[in-house]
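In the two complexes below, chain A is the common chain; its partner is chain B in one and chain C in the other.
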Partner chain A sequence: MSTLLESTVIESTQPGGTPRGPRRPRGGIRGGESASGWLFTAPTILLLGLFLLVPILMALWVSVSDWSGNGSPFSAGVHFVGAQNFGSVLSGGGLTEENFGISLKNNLWYVILVVPAQTVVALFLAVMVNRQILKGRGFFRTAFYFPSVTSSVAITVLWLFLFSQSGAINNVLSWLGVNGPNWFQEPSGIVQDALAGLGIRQGPSALTGGGFLGVSWWDWIGGPSVAMTALIFMAIFTTSGTFMLLFIAALQNLSGEVQEAAMVDGASGWQRFRFITLPQLRPTLFTVLTLGLIGGWQIFDQIYTGTQGGPAKTTTVPAYLSYTSAFHDQNWGQGAAIGFILFVIIIVFTILQRFALRDRAVSKRRMRLYTIETGGRR
Partner chain B sequence: MSVAVKAGSPAELKQVVYKHREKLTRKQLATRSLLYAVLLIIAVIYVYPFLIEIFTSFKTESDATADPIGLIPTTWTTAAYQQLFVNSDFPVWFKNSAIVTVFVTTGRVFFDSLAGYALARIHFRGRGFVFAAVVAVMAVPSVVLLIPKFLVLNTIGLYDSYAGMILPILVDAAGVFIMKGFFESIPASVEEQARIDGAGTFRLFWSVVLPMARPALITIIILSFQGSWNELSQFIISSQSPNLTTLTKGVASLASGQVGSANRYPLKLAAALLMTIPVAAMFFIFQSKILNTSDGAVKE
Partner chain C sequence: MQRRNRWLAAGALALTGALALSACGSGFSSSSGSSGGKLTSSKKPLTVLIGSSGPAETKAVTSAVASWSKSSGTGAKVIAANALDQQLAQGFASGKPADVFYLSTGSLAGYAANGSLLAYGSMLPNKSDFYPTLVKSFTYNGKFYCAPKDFSTLQLVINSDLWAKAGLTAADYPTTWAELETVAKKLTTGKVVGLSLNGEYARLGAFMTEAGGNLMNGDSSKATADSAGNVAALTFVKKMLNEGVLKYAKNVGESDGGQALGSGKAAMTIEGNWVQGELSADFPTTKYTVAPLPAGPSGKGTLQFSNCWGIAKDSPNQAAALKLVEQLTTTKDQLGFSKAFGVLPSIQSAAAAWKTQNPSLVPFLDGATYAQGVPTAKGADTVVTDFNSKLETLSTSDPKTILAATQTNLQAILK
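And then the complex of A and B:
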């Protein structure tokens, strides 16, 4: 991969107006370039190395050690325990495995529901707001983007109030004759709730008997808890604005000619969107899905601020579990191990995404790199 | 209609399109009203929660519980704000957030542009490797680094200090990337001239190139300001003393109810509102730049 990147660098510097090759003998008016090059990048290399590379190496060691948080992890009393920490997280039938299974199940449902929903909402808002005829576009863009600016802590505080037992959401629901739940205290899964509504309260033994990571299949398909659902709504609320901006940028780069031709041919608005706009938006769509996936597995602030994993562990996620294992329970090895497993999960999802992008890999990657500016804003 | 199109001079074609439009006018009007209605409803959904936040912070606690959706308080009170400023550490939190944000934003503007410039313009051995490393770093998700960062800070003795809170986020790979992209987009001729006039590389960077990079620097400022003001996890793992608590950490502790038994919603919402104001101000100042996405700083 690194060679690929290097070649891209060289290729992309050449049209930038520097005709020289990358390697040049020193001396002349370009004397000492090598030194200043390293000097200019030194702070970045030093800080990223010290707070990214070194930490990862240290955590790798901790994840295969029995360090308990006292003294230095490199002191004599700390032993190498092999894959034991990974083992107790991924198998072993203990509480550790079950906790990890539950957190994985919670996060998986979160990702499954948030990613498509935020993408659809963002695309919908972008298409609506991008219409030339629309008056007050500035107002609407501001309104939809504003939640993306605020901190996750502030939004979570607001959400706790809106979704409280006698809060605004339940107030609105009561107008519709619905008796709203006590959102953040309700641990039942929404799929199981729906099935219970149909009279199915007990899962078939095929599902309750077996399981994975200490969680029965019946619970895996049980859906996110009501509490987690409130957090899902929050994620859609706060991220759709950011992704809307990405879609608007892409929409503005589309040529209007194809649209006009289709209009002349009598294509309806929906047909034009489905068969002309949407295919052209494919690269952006993939960007948004990838960023959404990566972001979805990183939910932490909201849990730390709002639910602390409760009720009944239904909002624990791997990132939060990793944090509590280490900082609260002093199981540093397990905490670090969970962190690395989460890392692998995120990488696997990213690679799957790249795999889906493979037909136009270079151009899309470059495109993605240039859209990071807006993507990373939140 | 297809017949008319086949007949085909451009003038005829235009006429067809025109007629087509005329026929649709009534339908279009209906569609347009529907569009506005839908957008307005969604806008209310996006804006109203913040209005609730503002107005509830001026309510009494019982009023907030009794009427969680209405805006106007039955009795206006600033009790929540008095409580925050007089009887809590809120001013300390605010100060800490401000300190961290100022340092991180300044640091990122300087270091990101230095590195970005070197990677875009200075020819040195190992440049490709450094750039590849920066890209690789961008791929590491930050939540995975919580424990690792704590380990390093603890080992080198920076845990529970401003330095420990600031240094790990003083440079960001994404910012380096944005600056590199920008420097590549500006013509090299200006630098060549200055070089011939005998300017050193740093001088060239500082007084010739950097002033030209204003749009990209504004992007970095916006991103860094928002990023460090809203940062939570980095401060959780780098400090524990109450003197070093930032707004995000402090308000999170308020929210999880460690302070009192009552629900204290007006207090919490007042805190959330106050911590939103600086980023909101930043957003409204640079609004046109942020929202006008067709005119980004990172255009090639």
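And then the complex of A and C:
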């Protein structure tokens, strides 16, 4: 990527198409720039190529080969098997497909709940600590940002203690008369739990009969397990501080004049936030949502250090499944295939979200509010 | 022109990448395996990669290897792995694996199938001294791959104080399922549950063997998950769960059965011989007794677990590695390991000495005569994980459905 950008920059500085005489492709006063451009970017190209491009190409090869983890993936005994690895992950009706379906379901719920929540919390915190009136803003900013700079392993361990059967969370809940669950050991989905509370224990046959990727529709809508919910709280707790920082930076860049103009027009505090501040934050919002989305789909260390996919596989996510298929089960091709499917998922979600947040042309009806009618002509 | 140059540059980059790839390719040593007969031999020191249970094990293995190194003159270094599976896999992929390593029954098939392991079992002078069921666990495609390091079996562990408090004596140790249920009921009070264990195949499987079942047959060539014995076993467990006299350890807020027993939340548990180390470290004041597991409809049964000393096919010094393994599986070394971290010696000739050293743990070693191994087919670990996830909700689900699904999954991996 950076190589393309660099060469574009170099290209635009060349005196191409000058009226004097025929165009000389090389040489001249700026002829050496291209060479030095390559020279200056060479270290980055080499590093990126060696540590990014080459491993990605190797993984791509492994995902379409029958490499079994012994010796080089390019040795003679390794064969091209086409899309077979992708096939067994995405169809085939076996345990591999079911495991992938379960991990996808878990991660989808995680993303659906974490991304909006962390964005809203981050924005709320940013607006709060950005207020001139607040005393000790520095303290609050540091406090809110602190979880983000703490190692995720440390926070996971802390979380395991907090959410254990006799942990702090359940103690607090018991003051309220609530008998808290054994968080990290409880595999039941929270939506299904809620439905069971209403007396619906068995899904309708329309939902339990069919399914996708070996997981029934009833289980797809079952919600994240209680264990996964605890991890969702953790993600919101740790990441909102980071994104708060982005929002604060954006808020401080907004000019005060627009706000003052709105005040003069008599807009209330909420109106000013909703119609003045929020639209101006759109680029930051896009950044935060994109980063949140990517981070959400890539969740791994909390699972690896905390739950290892349990209880009852309800915290297995594609990234962790990819790791275990490769390193534990010696199905390297499938592990690599899961990695590439995850990559496609992230790209698709990012494109969708970019489409949803695009700058829309102002509609005619709304435009009329801002124009002065001059005899039928604008 | 510029545009074309850019494409040329991109092409050059791709070419460089490809070259780098092939360079990597030649960097890996393609497995220089001596598939039959001759072992590799060199002056290179050995690396021993172990998945240690703690400092006691690391120390014992290190000193045993060091003393061999001294007497043989071959250098050897012990590395305690943080993540054994991962470090092994990395070693095999790079072509420079550890020479000798711990290998679990679950990993054997995968590494044997991709040609990472040296099948040296038949070269061992004491190969007939190992327990036959252990040899079966480390046999793949008819080849005895590696020497069992040691093993563990499951038995019934009883909290002596809670037992006496319920008015029970040594005469009441259960010998049948019905008796187990009766004493569990007697032992269950407000704060104590009669029996608590981990809700997974590695514990409940003992009931399955007592009913004449298991997930797969002895050499893991046939799936037997949906057998009548397995259904009977899980139905019995489900009944005890619903009566409230059996609870999974996590449901009493403990990480495993040993912790539940030691903390006094459970009066009985089903655990392996490692429990003695766990209890003496975490609950030094808790008194406990080890009794044989009660017999089921088909008589006695239990599960056994083991690791072996794997030797890498890519090792440049297989001959020395084999010598080291021979030393580490002698009676003397195995009794030393047993003393340090509570495992059972894998050779029959060490049994008598072990029993005199550990009189209170004798039922564990007695289990060797009727114990069965866990499935070792490639991919069986994944199926067992899936089976475990279903066992977590056994109290509300149908044993037959669970076992039928597991049967399908096991048949799929055998294809």
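As a working rule, the second predicted complex is superposed on the first by the 308 of 378 C-alpha atoms of A that agree within 3 Å, B and C clash if a C-alpha of one lies under 4 Å from a C-alpha of the other, contacts with A are read in each partner's own complex, and residues count from 1 in each chain.
In this section, a contact is a pair of C-beta atoms (placed from the backbone, for glycine too) under 8 Å apart; a residue touches a chain by one contact, two chains touch by 3 or more.
Remember, predicted model here, so these are calculated numbers, not experimental data.
Visitor: Once chain A of both complexes is superposed, is A:Gly199 in touch with chain B (first), chain C (second), both, or neither?
Guide: Neither partner.
Visitor: Figure out whether A:Ser68 sits in contact with chain B (first) or chain C (second), or with both, or with neither.
Guide: second
Visitor: Which holds for A:Val54: it touches chain B only (first), chain C only (second), both, or neither?
Guide: In the superposed model, A:Val54 contacts both chain B and chain C.
Visitor: Does chain B (first) or chain C (second) touch A:Ala143, or do both, or does neither?
Guide: First partner only, chain B.
Visitor: After lining up the shared chain so the two structures overlap, which partner does A:Ser166 touch, if you call chain B first and chain C second: first, second, both or neither?
Guide: both
Visitor: Just to be sure I read the superposition right, which of the two partners does A:Ala312 touch: chain B = first, chain C = second, or both, or neither?
Guide: second
Visitor: Output check: A:Pro187 vs chain B and chain C. Expected answer is one of first, second, both, neither. What do you get?
Guide: second
Visitor: Between chain B and chain C, which makes contact with more of the residues in chain A?
Guide: Counting contacted residues of chain A, the larger count belongs to B.
Visitor: So, A:Asp329: does it touch chain B (first), chain C (second), both, or neither?
Guide: A:Asp329: touches chain C, not chain B.
Visitor: Where does A:Pro279 make contact in the superposed view: on chain B (first), on chain C (second), on both, or on neither?
Guide: It touches nothing on chain B or chain C.
Visitor: Quick check on my understanding: which residues of chain A belong to both its chain B contact set and its chain C contact set?
Guide: 16, 38, 45, 50, 54, 58, 72-73, 164, 166, 326-327
Visitor: Of all residues in chain B, which touch chain A in the complex?
Guide: 1-2, 5, 13, 16-17, 20, 32, 35-36, 38-39, 42-43, 46-47, 49-50, 52-53, 56, 64-65, 68-69, 111-112, 114-115, 117-135, 137-152, 155, 167-168, 170-171, 173-174, 176-178, 181, 184-185, 187-189, 195-196, 201-202, 205, 219, 222-223, 226, 229-230, 232-233, 236-237, 247-248, 251-252, 254-256, 263, 265, 268-269, 271-273, 275-276, 279-280, 282-283, 287, 290-291, 293-294, 296-298, 300
Visitor: In their complex, what parts of chain A are in touch with chain C?
Guide: 3-4, 7, 11, 14, 16, 25, 38, 45, 49-50, 53-54, 57-58, 68-76, 94-95, 98-99, 164-166, 182, 185, 187, 309-313, 326-331
Visitor: For the complex, give me every residue of chain A touching chain B.
Guide: 1-2, 5-6, 9-10, 12-13, 16-18, 20, 22-24, 29-30, 32-38, 40-41, 43-45, 47-48, 50-52, 54-56, 58-59, 62, 72-73, 125, 128-129, 131, 133-134, 138-147, 149-158, 160-162, 164, 166-168, 171-172, 237, 241, 245-246, 248-249, 252-253, 263-264, 266, 294, 297-298, 300-301, 304-306, 308, 319, 322-323, 326-327, 332, 335-336, 339-340, 342-343, 346-347, 350, 369-370, 372-374, 376-378
Visitor: In the complex formed with chain A, which residues of chain C make contact?
Guide: Against chain A, the touching part of chain C is residues 1-2, 6, 9-10, 13, 16-18, 20-22, 24-31, 85-86, 89, 92-93, 95, 107, 110-111, 113-116, 250-251, 253, 314, 378-379, 381-383, 385-386, 388-390, 392-393, 409, 412-413.
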